[in-house]
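Below you'll find a set of structures to go through.
Both complexes shown next keep subunit A, but they swap its partner, so subunit B is in the first and subunit C is in the second.
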Partner chain A sequence: MTTLPQLHNGQALPLRDIPELPLPEFRSQIVTRVRRGRRISSLFGLPDGGQIMLLAVLANDDQGMLELCRTRAQDRYPALTPDAPQAHWFEREIAEQWGIVPQGHPWLKPIRFHRCYDPGRDAWGRGPATPIEPCVTDYFRVEGEEIHDVAVGPVHAGIIEPGHFRFQCHGENVLHLEIELGYQHRGIERALMGIADSQCAPSSIRHPPSAIRNSPPGPRAVHYMETLAGDTTIGHATSYASILEALGNVTPAPRAQAIRAVALELERLANHTGDLGALAGDIGFLPTLSYCGRLRGDFLNLTALLCGNRFGRNLVRPGGVRFDLTGPVVTDLLTRLHATFEGVQNAVDLLWETPSVMSRFDGTGAVSQQDATQLGLVGPAARASGVNCDVRSDHPSGMYLSHDVPSVTLRTGDVAARAYVRWFEIQKSVEFINGVLRALPAGSVRQEVRPPAPEHVAVALTEGWRGEICHVAVTDDQGRLRHYKIVDPSFHNWFGLAMALRRQQISDFPLCNKSFNLSYCGHDL
Partner chain B sequence: MKIMPWALPLAAWILAPLMLGIINRVKAFFAGRRGPSVWQLYYDLFKLLRKASVYSRSTSPVIRVGPAVVLACMILATLLLPWGGLAAPTTFTGDIILLAYLLGLARFATVLAALDTGSSFEGMGASREVQFAALAEPSFFLGMLVLVLHFGFSGLSNMVAGISLETWQTSGVLLILVACSWFVLLLAENCRIPVDDPNTHLELTMIHEVMVLDYGGPDLAYVLYAASLKMWIFAALVVNLLVPMRSLAPWLQAPVFLAGIVLVMVLVGIVESIVARLRLQQVPKILIGSALLSLIALIVRLVG
Partner chain C sequence: MLRVLRARLKQGYRTMRFPDQPPVMPEKYAGRPRCNAAHCVRECTACIQACPTGALSKSGGAVTFDLGRCLFCTDCTDACPTKAIQFTNEYRLATRTREALMVDHRPFALAQALEGEARRLFGRSLKLRQVSAGGCNACEADTNVLNTVGWDLGRFGIQFVASPRHADGLLVTGPVPKNMELALKKTYAATPSPRLVIVVGACAISGGVFADHPEVNNGATSTVPVDLFIPGCPPHPATILDGLLRLLGRIK
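Coming up: the complex of A and B.
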């Protein structure tokens, strides 16, 4: 196996250092590496002189390195999916964005329902007159007298985001679930580059048609990142900041990195606690539901102590953080963290101690380790299925280089495992925050970021509470953003939910869904 | 016409919504919340009655008839319920069969109306309801058979009036077994946890609630009010079994009966607070378990 250029998480590399491989070699490189355990962290196309450049980021979790390779494609190329299933969603995205057909893709459909970024092209041959509506497409169908179709959404009974779920059922049993998203597509990646797609961009980020492509990352960009998936504000903002720092070749001060890490773990604590409560709520187990709802708020209030906003908005900025921590605030944080954690312990222990709860969790919605690996699941969902991948320990950066966060994997891959992984991570996050806050490095918290280096590629991974967040930026000859690619963990995991539902009862869908708790807007961008 | 026998149905008609309020307060207490007012269902009913109903264009008159039939069945059923030593307004030999069939007719009307909407959710709910009802009925009839064997085949009022302290001394075990069986039946028939979750918003998991999703306005008010009456009917059956009314002074019977119903509601609230909902596949097991309790009572009666 020839070597590929490698870099660490949060590093940049000149674009010319990544050799352009011929298509067949690009394909075989990815396929062989995925077979040897690499994960596809990102795979996307960007325009390159009339053609499309395909760029792949492969994560080598054992050595903590990221491998890059690129190629050129014109209209079509042999799909990776048949040999590397975890590429399936990426290839659908490439086909939709650039009109390139991955030949042999088993289920080539749009994922966000927008027009091709290259006007006039379309992977499905739809003309400009054909309307493109979210989720108006062909669905997988099971035929038979006793089969019935259940369509759920896009408007749901709860106050959640829109998405469409199509079940093929035999009585109460689900044979197949197909998930269609795209209702939340706002065109964030393109807005970062100053391009507004008339179809999707909200008016606030719409630019005149003459807007210059490849704009420099403006001050609003970080707000797009923070609201990309509202519950992962810190996660995405940290990845974005790391990208700009890598491109500007600056390392943020240790104190800033410590505050970022604390904020990231607080985000994890709040969301995991909320999820455990919501899991209890779905099975009608009230005590844990109510207590976790309150305790989630207590964790959010800790984030507010850091920066004045419960969701961590306006905290992380390229070059550091906007707010420093004073001694009394640290003491306050530690006391309240301890008290809240005790509350969570009591509320969550009720789950494990109640037989009716465990009988509901055990064996529901199991995803095998093999399926999880093949689909490239990330985050707690992957770890619950026995796939040990955690950016904090595999590709550590910042505070995680000096403070270890042990990751836990379970084997069963069911709802119980996904719940238990969350509880374990809550405990480890609290220990981590304790450790970091007690030995907070001194120094400044923010420094100037130099303008991005021209013709570079930067990759930043962050372990958000849902899993791996991957941002990739490519700059042009003047250091402006030529392309920016965001992969939210939900992008990897939605298909995992579909797999979890196979041969399950349709009445267990809400519980399985909650155990993944994926983001619609993070996927739709 | 005597006035006294009408006191119980009147109490049921007025107080039934309050009982669901009590359950909600108990659940709120266990969840560490204050919870809605106990009068909340009354407010909801008045609000709904002032609204107009909306019907889908794809439905037929069946869906409009459903709630009225359900409400009429429940009101008639309350007329058959005795009150300790006090007979019901209507009582005749075999009225217990009528009671069972009134409940069955109400279910039939709900299911038909649900199927009428043509929604896949409501169809799923209807199929679940019918499946579980078929499993729930044996425990009702087996329990009834025990009472008939013990007190003779007469009106429900006569049978219940026969329960005294002496009955408890001689055959208390029968009463306890049937009461336990009927308490599970109460949870199942009134779509309470662990069988169904009355508070959930998740259509895919619902049994009863999903069948009434398409109702609004007065129709929904009828459905909700009928549901509270149904709860009252099952609670009254359990209380009648457990309280030896004949041994109480007549003036004590009414307060004790009402206190009994409130206690049953508190018990329902506690069960809902400390138990998670069963997986749908497991529901038949608990229903069969409940029928077995009645069957054991029957065997004990026949052998002993």
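Coming up: the complex of A and C.
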């Protein structure tokens, strides 16, 4: 295996240091590495002199390195998916965004239902007059006399985001679930790239005039990060800040990194607590549902102590954080964290002690370790299936370089495992926050960020509460953002939910769905 | 069973006394903004330049804030050289009209209650269907939190229901992406008349940070008629509940 250029999480390197490989070699490098345990953290296209550059970021979790490789494609290329299934969703995205066909892809469909970024092109040969309607596409069909289709969504019964689920059922048993998203598509990546309007822009899109670029990052950029998945405000804002810091070659002050890490773990605590409550709710076990609903809000209120907003808006900024912590606030945080954690322990212990709960959790929606690895699952869903990956320990940056957060890996891959991983992580996050707040580094919390280096690539990973968040930026010769790629953990994991439903009862869907609790808007961008 | 009861005792009674007692807002909370005209430099436009959503405008000596666009990000306070702009801890923000969201030196007109037949029908029992149309899950989460024991929305006769057929109205979040437009229209059509529409968050009111993206509709107002506007990004749960209760005449 030849070597590829490598970098650490939160580093940048000149684009010219990434050699442009011939297509077959690009392909074989990725396939070989994925077979040896690398994960595809990102794989995307960007316009490059009339062609499309394909850029891949492969995570080497054992050595804590990120490997990069790139190539050029014209109209088509041999798909990676048949040999590296975790490329599946990425290649569908490349086809939809740039009109390039990954030949041999087993199920090449749009994922967000928008026009190609390059007007006039379309991977499915649809003309400009053909309307593109969300989720109007082909679906897997199981044929047979007693097979029936169940269609759910986009508008669901609860207060949740829209998506479409299509079940192929035999009686109560689900043979296959197909998930179609795209209803939440708001055009964030396109806006970050400054591509004006893909539906009416002139043909100059592959060389967008600098005047229409939103970069160097416009006043909206950081707000896109905070709202692309609003429940992961801190996670995405942290990745974005790391990108600009890498490109500007600055390291935020230790105190700023500590506050970011506290905010990131509070985000995890709030969401994991809410998920455990919601899991209880989905099986009708109301005590834990009621208590966790309140306790989740208490964690959100701790985040509001940091910055005034329950979701952590306006806290993380390139160069540091916008708000410092005063002594009384730290004391208040520690006291309330302790009280809230005790409440969670009390509420969550009920789950493990109640046989009727565990009988519904155990064995439901199992995803095997092999499937989880092949699909490239991340976060608690991966760890529940025996895949030991966690950015905080594998690719640590900032506060995680000096403070370990132990992660747990279970084998069963079922709802019980996904629930237990969350409970374990709640305990470790509380320990982490306690440790960081009790030894909060002194100093400033924000510094100037120098302009981004021209013609560089930067990669930033953050372990959000759903798993690995990957941002990649490529700058142009003026140091403006030429391309910005966002991979929310949900992008990796939606197919995991589809796999979890196989051979399950359709009535277990809400429970399985909640055990993943994936983001619709984080996927749709 | 004994364990469940013991846990119940430990968890205690948690419902807030809202609206009889005001909620405790966090110290750094950014509520309704105001501009001190005495400090504002007439020809300076730093705040307008800094605003990511174009929520600020200037006529004469002071700034006008469009709360329907405002993210409450306070980028304008950072930009203001004379510290004329201040975000207060005023969480009551809901209005009945889009125009009333414009904040200048005049008194802010909070939402008035429904009148006549609508008040009689919905005042003591309001069933809502929530539609997330491009919402980022923050407005959704802080709407959902009203159902928890802390806020206990049910005590006001307000409930979120699973079907538009069972609903008296819609609560819409998000900028309404083109891909959700038809679903929102169909959900509205499936809601029996008379019906209300409540929009929550900057996105649903104006498109928010996604305003003027070709992929979105700049909020729900372009698609359905709106009866109550609750601004914020996201609004605090107290802001949402305050708005709902004002609409029903439960807070005056």
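FYI, the second predicted complex is superposed on the first by the 507 of 525 C-alpha atoms of A that agree within 3 Å, B and C clash if a C-alpha of one lies under 4 Å from a C-alpha of the other, contacts with A are read in each partner's own complex, and residues count from 1 in each chain.
Here is the rule we go by: contacts are C-beta pairs under 8 Å (C-beta built on N, C-alpha and C of every residue); 3 or more make two chains touch, one makes a residue touch a chain.
Quantities reported herein were computed from a predicted structural model and do not represent experimental measurements.
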On the A-aligned overlay, A:E353 touches which partner chain: subunit B = first, subunit C = second, or both, or neither?
second
Touch count on subunit A, higher of subunit B and subunit C:
C
On the A-aligned overlay, A:Y291 touches which partner chain: subunit B = first, subunit C = second, or both, or neither?
both
In the superposed arrangement, which partner chain does A:E468 touch: subunit B (first), subunit C (second), both, or neither?
neither
Applying the document's definition of touch, where does A:N309 land relative to subunit B and subunit C: first, second, both, or neither?
second
Tell me which partner A:D275 touches in the superposition: subunit B (first), subunit C (second), both or neither.
neither
Contacts of A:E180 with subunit B and subunit C, given as first, second, both or neither
neither
So the subunit A residues that subunit B and subunit C both touch are 157-158, 287, 290-291, 294, 354
In their shared complex, subunit B is touched by residues of subunit A numbered 148-152, 157-158, 172, 280, 282-287, 289-291, 294, 354, 356-357, 359-360, 364, 505-511
Listed in rising order, the residues of subunit C that touch subunit A in the complex are 3-4, 7-8, 10-11, 14, 26-30, 49-53, 71-75, 129-145, 147-150, 160, 162-164, 174-175, 177, 179-180, 182-183, 187, 203, 208-210, 213-216, 233-234, 236-237
Which stretch or stretches of subunit A touch subunit C in the complex?
112-114, 133-134, 154-155, 157-162, 182-188, 190-191, 197-200, 218-220, 223-224, 227-231, 233, 274, 287, 290-291, 293-294, 296-297, 300-301, 304-311, 313-314, 323, 329, 343, 346-347, 349-350, 353-354, 519-521, 524
Complex contacts: residues of subunit B adjacent to subunit A:
27, 30-33, 120-121, 123-124, 128, 193-194, 197, 199-205, 272-282
